[in-house]
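My questions will all concern the structure given below.
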Amino acid sequence: MNHSKKQISDSEFHSIVALLHGSDQPGLVAKVSNWIWKRQGNILHADQHRDSEHEIFFQRVEWVPQETSTREIKAFEDFAEGLGMNCQISVSSHRPKVALFVSRYDHCYHDIILRWKAGEFNGELAVVISNHEDLRDSTLNYGLPFEHVPVAKENKKAAESRQIEILKAHQVELVILARYMQVLSRELLLEMRGQVINVHHSFLPAFAGAKPYHQAHQRGVKLIGATAHYATEDLDEGPIISQEVAPVNHRHSVADLVRNGRDLEKRVLAQAVRFHLEHRILCYQNKTVVFS
Amino acid sequence: MNHSKKQISDSEFHSIVALLHGSDQPGLVAKVSNWIWKRQGNILHADQHRDSEHEIFFQRVEWVPQETSTREIKAFEDFAEGLGMNCQISVSSHRPKVALFVSRYDHCYHDIILRWKAGEFNGELAVVISNHEDLRDSTLNYGLPFEHVPVAKENKKAAESRQIEILKAHQVELVILARYMQVLSRELLLEMRGQVINVHHSFLPAFAGAKPYHQAHQRGVKLIGATAHYATEDLDEGPIISQEVAPVNHRHSVADLVRNGRDLEKRVLAQAVRFHLEHRILCYQNKTVVFS
Amino acid sequence: MNHSKKQISDSEFHSIVALLHGSDQPGLVAKVSNWIWKRQGNILHADQHRDSEHEIFFQRVEWVPQETSTREIKAFEDFAEGLGMNCQISVSSHRPKVALFVSRYDHCYHDIILRWKAGEFNGELAVVISNHEDLRDSTLNYGLPFEHVPVAKENKKAAESRQIEILKAHQVELVILARYMQVLSRELLLEMRGQVINVHHSFLPAFAGAKPYHQAHQRGVKLIGATAHYATEDLDEGPIISQEVAPVNHRHSVADLVRNGRDLEKRVLAQAVRFHLEHRILCYQNKTVVFS
Amino acid sequence: MNHSKKQISDSEFHSIVALLHGSDQPGLVAKVSNWIWKRQGNILHADQHRDSEHEIFFQRVEWVPQETSTREIKAFEDFAEGLGMNCQISVSSHRPKVALFVSRYDHCYHDIILRWKAGEFNGELAVVISNHEDLRDSTLNYGLPFEHVPVAKENKKAAESRQIEILKAHQVELVILARYMQVLSRELLLEMRGQVINVHHSFLPAFAGAKPYHQAHQRGVKLIGATAHYATEDLDEGPIISQEVAPVNHRHSVADLVRNGRDLEKRVLAQAVRFHLEHRILCYQNKTVVFS
């Protein structure tokens, strides 16, 4: 998403993914597949969804074009515009740069980096940004740059400017908040055009806010959960991408919930990041369509 | 629970279950197991839990006594009193009478009755009470009495009196609200001493109140849930016994959530009823200890 | 599937579902969607899959045609034939007749009938066939015909002929084996052209054959499972449609596994039947593609 | 388990865990809890199980003794012997040394080390042993010794001797096979007295042997699994400790199963190791009792 055209060279990419959405109209599936076929493209995957309540059409289509050039992409964008559809388009050779924000809890941090090294993500970790120094050595061992940006009440503005500077310097297209314990500013969110994924350690909307495992323990629930979602200005209110739960019982202390929850947090965050980087997610009405 | 001593004959029961709880103190496990052993009882199961936060001790112990008599039960009750422990005691031959409240949604109703017929519950369905006539024939086919108690704003008091009358007439010890769409009065809850199990069609505390599947659809969650809990005056706020979830996605309409949710509702309600009738549940601090 | 053309009247159906599969070739998605669009049909759902290993293309497409007539269906069939694709086509107004085979275990039997009555299935239960008399009254109470066909070593051939006779008389298009404890003959399977769904009470291929819960208990597994699959002559070897598992531990006796397993069996069988009747399943290479 | 008495100092430990099993006899719970109480110990947890089929009694009991000394342990061992019970006894201050065997797949390797660093295990990683050099740098970065022991047909005996030497040098009490691709010899298993945990990438007993994800893909199952078990000479046949599954469908290639399976493997292996190191597991009849 948000692909910056200059980064695409005229060669070397294999497939194109387009995410379309807009008002439903007759023949959309036919028109899109026709367009691709007429230009001798070969559709690898096509998935669509009609929201019958709001009469919106969603499509994810991935194809191998005959001619792998930026001209092809431009042509499709014009075609989609002609249909009155919003279009996000990406090519398989483009691996977006990703920034990982972390504080002191390091389970999601290690998990994301190791999965990236294992080839699970269609993107490149570019930089780790933290408000603490704790993970500097570990990050350097992983071969990644580490940026320490302390955040305090007094320096909030300056810290955010510094973060935005780093994101720009690394041409970051996705921010992952891996249990980052600071709220992001409106500006940073705008700068990232919503491409910020957060993990909350509860089954939202239950136990939003602080100390969700304490809240869960207090209420005596029999399942705990974790939620990955796009970050918005309203904390814990953004579009949900992925959720998982695990059983708990009266024997579990808060510390047990925290430990069990770590596994959930890792899984939902990794899954959300993977879906995002494979261009499988469309947002609307504060919800997500995930073509999984 | 709430067993009424006169119902126990001096013969024919095989095991005794005691649920104990009270302030923790040294030697409780030893004292209880000793008492049983000295009287030549044979412990089948013993499970205990210490809430280290509140320093409360919980125990469920089931044993085959040497002498199967009410005297043995009385003796244990005196012994537990001497320890300063609360004690609920029950015998395997006693099968509590159960009332099933239902309105029009019949999936939990059929499920509970069929499981009861399959021998899954350690109790006896005694009567079906409904504010609608719809399930009369079905109930009679199952060989159960059906009581129609219409509930309207004007007759609420009278309806409740009638319900209590029926519960008393059938010596009911447990009420199951199988998607019963009316709020029970404080009096009925007091009359039943809290032995009322409800099913709510969401993963509480998320989506309490009306139309939880609509709320879930609106929020765009990726899991729906169901919760069985003891009914209290605060709707959807009672101690949680059992919870389950199922995955959903953008393709699911509210109607799909309703259909998938029915399966969850059946399972959590049946599980809660089974645990209750096997004397596996202790309540405290608006939570449950479930010795499963 | 196996729809018999004469049963479709020229009016009253709303949508058409086509299941296509065949050798992959360029432009298939475009050709199919084009065909529908050109005839002013409106695609409701379209889902496709390419098996890249075997180069097979699969598609399920559902649309509202401009003209709801058998001519439209014939036209599409001719079109698909022209593409060299296998085609199963069905209309929404056609609700296939279903036969339920049962022996003595009645949990799947009740579950299927109650779900059918709740409107979960896109078909009509036409008859219950059993090798025992036990469920006659219950079946009649449900308002369904009951056919007792005893099966013994000596009368196997005759029993099967009788079964086939009943299936023909009721124009049955799908047979559900709801824990039916007899092996079906090759003839009956041929007669039903593979439209027979069985439930096996294990996570196949583990514990095929007799007494799977005993086998599971013996091996000490930590999960039990159930599998719904199309019945083939090789017992428990047919294409798998649906599988579920539940956790077990050392405390569970074989009887506990049986009880817990019942819930799994009900769910996988109901899910498989629902998918089948919504024309979501394609078989190939002894596997299933389930467009869920 | 297998605790070596000389390692326990007379001070500093807080609790004792005993795992008992033997022929069932009246009064066992009472006798054990009495013994502890009489010596002014304070029971933290007590869990027992009777296998009614084989009339075996199992108990895990954890208590804070009045006197934290080796004398207390010796006294309990004598007491258990007097009861005719097998007894494994351990103290909370003793953290067993653990060796991690790994080949090239590194997901379980990283996962185990990171969980250990996060404090999830009641033991100490002492050494990493591999038949490849690949993970040397990573291991040293983690601050752990790395031992390269190449294994080839010609040097099998020598390699095993070397492995045993290393295990002895590090006083290893538990071996974790984190996707180690070589079969261990009888001698090493004997040397470790069965304290070897393996992870197999299928839901055993389904798909034992080589390439389970390929087998699963071939069979068309709808769930894949992973199993952690004690290693025995019969490959994939040892007592099962932990199993998990995840849903798959026709869209998943073998590579997808491999990726999804990694998460399952990590979870079941970590869980098994945690239970083992908390002395929660007893083996009998090639099964496990896991007091979780």
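Each chain gets a letter, A, B, C and D, in the order it is written, and its residues are counted from 1.
Here, contacts are C-beta pairs under 8 Å (C-beta built on N, C-alpha and C of every residue); 3 or more make two chains touch, one makes a residue touch a chain.
Quick caveat: nothing in here was measured; it's all calculated off a predicted structure.
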{"item": "Which of B-C and B-D has more C-beta pairs touching across its chains", "value": "B-D"}
{"item": "Homomeric contact chain A-chain B: same or different residue positions, threshold half", "value": "same"}
{"item": "Maximum centroid distance from chain D, chain identifier (CA atoms)", "value": "C"}
{"item": "Euclidean distance of C-alpha centroids - chain A vs chain B, Å", "value": "43"}
{"item": "Centroid distance [mean C-alpha coordinates] between chain C and chain B, Å", "value": "37"}
{"item": "Inter-chain centre distance, chain B versus chain D - centres from mean C-alpha coordinates, in Å", "value": "38"}
{"item": "Interface residues, chain B side, partner chain D - complex", "value": "26-27, 29-31, 33-34, 36-38, 40, 42-48, 50"}
{"item": "Sites on chain D touched by chain A in the complex", "value": "106-107, 110, 114, 118, 120, 141, 259, 262-263, 267"}
{"item": "Residues of chain B touching chain A in the complex", "value": "49, 51-52, 58, 203-207, 219-223, 225, 239-245, 249-251, 253, 285-290, 292"}
